[in-house]
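To keep things clear, I will list the structure first and then write my remarks on it.
Per-chain numbering from 1; labels A, B, C and D assigned in written order.
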């Protein structure tokens, strides 16, 4: 889309005028589940699955309806939400190829995870409530991708954050879970604040947050404003998608039940950041510096995730850092602009399948191994849980990009596109992406080999690891099929053309790379990674943590000091500010009073008797404030 | 006697004259009187009765209540004066009278409340 | 006869219909005093509750009638231009009464604490044998009802006062009962009376500043009517010095009541010490009244000089938002936490006020109502968490409440989310409204600070939620009282309105929009 | 008559009142300081009144209002402070807030000398 072209949304008619049902059905189900209480305990999980399934079926119907339309972007205004002066926001929905794609991912993969959770949460007395939160999560995510203005997206955005908070801290008796939930919520708030400020910038400069108005008006704005908007949106996206520097919450979010991890990491939540940047493509297209920063964040995070992933021994944490790194690929892609937006979304979809499959597989392993998560305590499991082995194996091959599985079709074009950027940037980002592919191959091989092959290194209490029940196996199989087939189907099914109305082009910017050579190189890198890992770990590993020999390993085990970074950058100033404020509120004022009392001839006894909370120091504060206000007014007037 | 502070000059002179007169009277007194103190002369004079106890006596709390009731009603009654100046004018008449009646009635309500709560009984 | 007096003093015409709501409230308060004086003890409570609620409902009905019969569109001045009956005035009066009714429900509750939250005989020395006796046995005194009616009437007078003197009288009329109400707690009477002493002394101190400002402005403009001040401000040839000192002094008196930094110092102590239903009344109704006065003064009397004072008040707004939020983080007492949060919220309203546009008025009005309902419900919930010696307000005592009382914890979490500005609660729509109005008025800096402080403010709220859900309750954890019908009603109203205005804010925003025109 | 001197006197009076509020510890004296501030305002009203031509003597009437409200304020204030005095045997405002830390009231040394209110009066 060139900037001169107008973004236009037709109003919805016919079947699509009921598109709001997509959000309403899971929301209503969540309300029923949460409000009805114990009465719904027996059938709550069925309702939860049914509602998301219904949304999926509806989503398919709308999808095919949209395919048949000439103008592939329909908007639906439901009712006036809030109006202040000339600012007006409607509850409105935008249904276009991008949202349609996300709807299918969220409801489709979401449905499978719901079904899986029926089995996984069977023993949990709060299963009904869990499904209530799950539905809430899904409906918030649907609102996020279906809103027709940044404000609608933001409401979904906050809803997702809230639901994730509830779900991550599900195991309330574990302090780690509580802390993790809190951390997720708070770090998301940092991103949310940036998003809010970006929205207010839109308001201030364009008078609206409607996608149509903003995208049509953004070309006329000064570059500084556009850049600020882009960077703030990026910061918001980083918060939700776990990108540097706000990545630390995402691995901690593993404290929730495994279906939650799968839902957060594959179908919802983390993809929100990618969605936001892809959706705001006119803003990012208008500022090449902003795009470069997105690319840089993506490239840096993908390496960061890989490096930490290599050093972790907890199966879910390895997968979590793998998510961080894969989302980095997506950021890299959407930052490149043009046709690469579609590549990012393509990778997102493919990732949705194989990552959900991997998480469900991990959950299945834990289910069979009495909630053990330590990779060093697995080994040789392929004999005991063949279905899990096969599904995780397919997901593993997909994520490292072995042809013809989906990762190959989605990741390699991103690496190509990064090189195609040209100049030193092309080299830096391209090599980062290539190196990331090799590292991914390494740590995923390590995970797979340590879990399913080699000797048994189980703890003593485990006698018979068992395969999971059918209700858990079925989603895993379906997701494995998706991991295998999604990439090729999407690429040859014209996915990039389907998204063309949103991004305006299918052309990846830059020069055309030598496809065959690129594929050869990246496959070679991947195979080297696999080989090294296989050689190192085929005999298993030591059962205790080895002393870190190099600073890199030590740093990687410390999550590359992500937490330290966050503490220094976000918490420390806050703490200092708080202390300073408390000091001035209490001690400072008292100090002044003490001094004043001494000046006006107070005795030492008077000084000693001063304590906080006195009327006089309050009066002094008020007087001081009064004097400053008068002086300031004078200064403004006379100065 | 004109200029910036002119109109205050009279006031100033009056003050000065007052201070001078006062000072002169006391100075004269001091110069002329004999000065022979003894303990009996230095005790506090209480109408001829021998002084007993300390100089800090606690006042009955009730004095405060009564004094306070008096002050309130007395102060409220200042509104009667401006009213008295205008109520007889043409155009004011009955309305003004009724309004003042309401005002007094509200005051009376307060008094009534005080009475019912037993504030006015002295035992 | 005095020649000056002979000048044209005419009998001011009083449109009794237009000021009927105020008269109803104050008249019924007098009825309440009579009932207190003459009814036997057992009858007083039901009669007082009835009188109180009837007065407020009747007042509200009258206000709605006035609003429907075109007073909002065709505003009038009455009583010698001393009172303005216009859109914002009626809206604010209505807001005071609506919030007042809910607060009255909390005040009238007698089943949570046996006999009610107020002391039976204020004159009995705290801690004595007789005091313990009355705390156990005797029902609350009922003077609280006429006192609250006087306070509410004063607030209504305050928001529709059209000259500074009327405003000062109204300020005292609503402040004096509040000082007394602060001192009436049944438990922790020492704390309560301290709060009253502090509130009184500082309130009197600040109202002295207020009236000093009035005198300055009178000297400047030769009149205390807002309109005359506005005219004098644009006429050249007068020294602005008096006007700006006067404005500053006025602002101090008003910002004190609104609890803006640095005039907020009393708030935490008083909110903590006062009986919780009274705190709820102060946090909701007093805030509405204070900002009603601020709106009218800024938008009617000082509109044309806004370029000079807006930066100064803007700095106060920033300080209020930031310091309120930061200090809220460090609090360990739920009532103090809510107090600091109410300080920060005053900053948000101030941000809306400073838009100095029509949106500024409507969004501030909207925010005041949304905040009022949420804070009423929050304080209502605080009354339910109890120890042997009254409310357990220390945060550590709230640990694990989510398990003991899931409904209470759920509602409280919802209210906290609203305070934190999460969408689909009125906290979000309110903040959204004031911030976008401020942006429209060019106050970008304020908005950025506002957003940042609201993010910061989410921390303490979240801490409470975490405490309630994620920590083990202590062995001697406080009990959660079963709310009586009145408290339940108040809680339900507060929570439902918080949700309703979060999902469908245009119900109220439209009303606020159509009301947002001051009469000059 | 030039109004500068009365204005300055009023400002000084106000300043003395503020100073009193800040340095006095006795709550009653604090209250009196506040009264001083209000009287400064009265002086200003009367002064401003003389310098405004052609308007009815509104400034003087305003003074009446301020006086009445000051009296009401004193009434409520004294009531609150005396209650507090009965509890703590002290009207020193420096102590206000000290009890926030030590919740146990110092009832032991509360003055018994003060007359108890008539129980009958309240019992009606």
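Methods note: a contact is a pair of C-beta atoms (placed from the backbone, for glycine too) under 8 Å apart; a residue touches a chain by one contact, two chains touch by 3 or more.
Worth saying up front: this structure is predicted, and the values here are computed from it rather than measured.
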- Query: Which pair wins on C-beta contacts, B-D or C-D?
  - Reply: C-D
- Innermost chain by mean C-alpha position: C
- Roughly how far is chain B from chain D, going centre to centre by Cα mean, in whole Å? 17
- Query: Using the average of all C-alpha atoms in each chain as its centre, how far is it in Å between chain C and chain D?
  - Reply: 24
- Item | Whole-Å gap separating chain A and chain B, where each centre is the average of the chain's CA atoms | 77
- Taking each chain's mean CA coordinate, chain B and chain C are separated, in whole Å, by 38
- chain C, residues touching no fewer than two other chains: 5, 9, 197-198, 201, 205, 209, 269
- If you look at chain D, which of its residues touch at least two other chains? 21, 27, 30, 72, 93, 96-97, 100, 122, 124
- Residue list for chain A, restricted to those that touch at least two other chains: 613, 615, 619
- Note on the structure: Here the pairs of chains that touch are A-C, A-D, B-C, B-D, C-D
- chain C residues touching chain A - in the complex, by the definition given at the top: 197-198, 201-202, 205-206, 209, 240-241, 244-245, 247-249, 251-252, 256, 261-263, 265-266, 269, 308-309, 311-312, 315-316, 323, 326-327, 329-330, 357-359, 362-363, 417, 422-424, 428-429, 432-433, 435-437, 439-440, 444, 447-448, 451-452, 455-456, 458-459, 462, 466, 469-471, 504-506, 509-510, 513
- Contact set on chain D toward chain C in their complex: 3, 7, 10, 14, 17, 21, 27, 30-31, 34, 37-38, 40-41, 44-45, 47-48, 51-52, 54-59, 62, 65-66, 69, 72-73, 76-77, 79-81, 83-84, 86-88, 93, 96-97, 99-100, 103, 105, 107, 110, 116-117, 122-124
- Which residues, counting only chain B, touch chain C once they are in their complex? 85-86, 89, 91-92, 95-96, 106, 109-110, 112-113, 116-117
- Message: Going by the contact rule set out above, which residues of chain D touch chain A in the complex?
- Response: 18, 21-25, 27, 30, 93-94, 96-98, 100
- Task: In the complex, go through chain B and note every residue touching chain D.
- Result: 4-5, 7-8, 58, 60-62, 64, 68, 71-72, 75-76, 78-79, 82, 116-119, 121, 123
